[in-house]
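Next, two complexes with chain A in common: one pairs it with chain B, the other with chain C.
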Partner chain A sequence: MAGQSDPHPSHFSAQEVEFMAEDEIIEIVPNMKMEPLNLICGDYGPFFPQMVTQVPIWLAIALKKRGKCAIRPPSWMSIESLTRILESERESQEAFQVLPFHYVEISRLLFDHARDDISDIYMVRSLIEDIRDVRFHKVETSLESFEDARSSAVRINNLSAMEVNIVRPFVGRALQAFYKHGSPDLIPNPERVSNSISNRWQQAPDQGQRRPLRKR
Partner chain B sequence: MESGSGDGSTVPKMDDYESLISTTDVEHLKRVWRREKAAPEIFQFESALIGRIKEQIQLTEETVEEFVEAKTDPLTVSLYQMDLDRTQFLLRSYLRIRLQKIEKYMFHILKMDELFNRLSKEEKSFAERCCDDLKMHLEDCVLSRLPDNYQSILKQSIISEETDMVPKPQLDTFVVCKTKYYLGHIQLEDGDNGNPDDRGNQRHLEEPFEMEPNVLYFVRYKPIKKFVEEGKIDLY
Partner chain C sequence: MANYYDIDDILAEEELVSVVFQKAVNGVGIDPSSETDSVEPGSKVELPFWLAHELHLRQIATMKLPPCFNQKTRLELGADAACVDLRSRCPYFYEFGCKIAPLVGDRDMGSFLLSAFKNRYQEVLAKAHTAAFAAASKSLTVLTKEETNLYEAAQSSMAAFKKWRIGGPRFQKAAVLGRKRKPTE
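Let's look at the complex of A and B:
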């Protein structure tokens, strides 16, 4: 059978999210000369020593592993920028700060493979972990507000790819359950009852939350 | 680069030349793969895109072989190989997800012409063979031994009004999506479902939903199904 062990084809695994993140562009400083690469996913190069070039992260890491380049951490990964973001996250209860969509994966990849290219790596790492914790806590508390929404759409501002992936299964099922159980025949609204009397269900206005029983 | 829109490809017709030439086939494949993974039902098979990708993969495989024979720098060879592996992964995963969906909903797909026509030629013959095999197996092992009224493979019993033994894709699932351009007037709640019992139970129709560009939303799949098929909304 084609199905692998994953019973839910709609769920992305963490590795797949990282795979998508690896296509993001990052800057490198090569220390060698190389001809341009005409890959299926695009053309990169030519590479000259000390000339900043833009390549996808997977390519940058492959070159870094073979000692052919240094990776330049993106501008949002500086201590000043991250400290600022962390403070704003802590101040605001509802809103999420703007961060690159794949910030979790990108920072993880760089920590694993380009430690020496990041200055103050321990500080940066702890800042990013704090940011992740604060954001995740916000996601958890905002889940409580879903039941008031009673609409079929929830706006998730500025959530990152990995965070979306983690909450997706739960939020998806929760919203589906809210939708299913929020339908009007179970919770009649006084203004709606007068419009919605059908042949089968004779709803009295004081029916309240009880399930309408079949007429005998 | 041809946009391949003549054969039912659902990549949106881009107005700006810039984005047309800058989106590679791999980007398209990635988008299509994500969409196929996130949505509950199967989409139109992107035959033109897949054909082009297969050609490019073959070309790269030949290039890699030539490099190895010409004893080029192993670094270059390994980078081409990595790119090849990544593209092959996307292609294989795309095909696998579709096969998974076909296996899950095979009777439903075979019954609905609209869905059946979304499959590629190979997928169609796969679906038919799968159905025949499963039908034969179930009939031999179980159905022929059940009482007469319960022997249908599609219905629970003769008195069932619908084909309730057939699993259908759940269009009510919530998906994460984003649109590139502003979309207004999306009707979120179902109007008349066509089901007479539901007419009394219409949900309160709120103002038509609007989607701002580049913002993520959790939305029920059914109302945006049309937009996803047209390529106006991306699934994540």
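Let's look at the complex of A and C:
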């Protein structure tokens, strides 16, 4: 793993998350004829010209580099659906829109390798960047407000792999610190402390999609 | 026991605590102000925490609350937690407080630490990911070691993501390849 020298080897680097994203299935339009590929991870093909085939992204990029296919952008990557997603992200303050788990990595891979297969690539790229910014700001604001000191986990729905990877070391350590300082043997009167905390809980009844998994 | 090899834990125990000796101790030159090699009962000495802890367990000395946890600091933290310069007082504020709380018999140390940490976290650390460099340098100097770890973790993961996003060649050239070989005569 790329983070071997770090004291916390459970963190992924960005390249590793991208590597895992390359397993996603995508559609290609081959321009040649080829026998089926029997690989350990599965069988792909047979490939006929102009027949849409589903392959993993790493295979699609490899074929594209050899000029043997054209990659079809996935359906969520059209300008209409991205604009719609951006609007709903901006409207709702708490919830995240449903996006593919690896949308950041997939979009970057396609921008790098399949530039001519995407129509209006600049528009698509700027839309995805905007979506990413809005979502990350939402993640930050929700991070500020999770300190019910009794919770030992945080839950945020519909977050994508790269966003999770960015906040993973920080949230892990912050939760550890909260747990250490809030542990019951350190605080001899948990009832007194929890009274003030339960008042704060009543102020936030509508954060339904985010709640600690276990209250102590 | 999991903290035995943790360097931060070792350094946190290095902080000085003033203790009051209950019994006379001979043959140790701990107290620099006394001429002889022994320590009288009732004398106050500053010792590192690991030593004071052992002496406390053997009931030779009793610990007093270190000055970084006194009333003045508590009032300051209650007023505005984010601006208090904890690093100059005690860079291992939280860890040290956790260790010393059961020994000194301080009942609200735990909740006090927790609320201080919470306030500072809200102000400073939640913006750690995207803090611009100018704001960062001002707030960095007041953080304890633990908070600095958190801050740097966020910063480095954000920087790694940005670097990846720019893209570029997926392979890095090995350092040995760039050197030219001198032709052998």
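Definition applied: the second predicted complex is superposed on the first by the 175 of 216 C-alpha atoms of A that agree within 3 Å, B and C clash if a C-alpha of one lies under 4 Å from a C-alpha of the other, contacts with A are read in each partner's own complex, and residues count from 1 in each chain.
Operating definition for what follows: a residue touches a chain if its C-beta (ideal position, glycine included) is under 8 Å from a C-beta of that chain, and two chains touch if they have at least 3 such contacts.
Not measured: the values here are computed from a predicted model.
Touched residues of chain A, counted separately for chain B and chain C, are more numerous for B.
Once chain A of one complex is fitted onto chain A of the other, the partner contacts of A:Ala177 are limited to chain C, with no touch recorded for chain B. Of the two partner chains placed around the shared chain by superposition, neither chain B nor chain C is touched by A:Phe48.
Looking at the shared chain after the overlay, A:Ile166 reaches chain C, while chain B stays out of its contact range.
Within the superposed three-chain model, A:Asp112 lies in touch with chain C and out of touch with chain B [touch as defined at top]. In the superposition on chain A, A:Glu144 makes contact with chain C only, while chain B stays out of contact range.
When the shared chain is aligned, chain C comes close enough to touch A:Gln15, but chain B does not.
When the two complexes are overlaid on their common chain A, residue A:Arg155 makes contact with chain B while staying clear of chain C. Within chain A, the residues touched by chain B in the first complex and by chain C in the second are 168, 180, 185, 189, 192.
Against chain B, the residues of chain A that register as touching in their complex are 1-4, 9-10, 12, 16, 19-20, 23, 34-35, 37, 39-42, 58-59, 62-63, 66, 68, 151-157, 159, 161, 164, 168, 171-172, 175-176, 179-180, 183-185, 189, 192, 196-198, 200-201. Against chain C, the residues of chain A that register as touching in their complex are 11, 13-15, 18, 108, 112, 136, 140, 143-145, 147, 149, 162, 165-170, 173-174, 177-178, 180-182, 185-189, 192-193. Here chain B touches chain A in the complex through residues 24-27, 30, 34, 37-40, 53, 56-57, 60, 73, 75-76, 78-80, 82-84, 86-87, 89, 93, 96-97, 99-101, 103, 172-176, 188-189, 197, 199-204, 206, 209, 215-220, 223, 236, going by the rule given at the top. Residue ranges on chain C touching chain A, taken from their complex, read 94, 98, 101-102, 107, 109-111, 113-114, 117-118, 121-122, 125-130, 146, 149-150, 153-154, 156-158, 160-161, 163-165, 167, 170.
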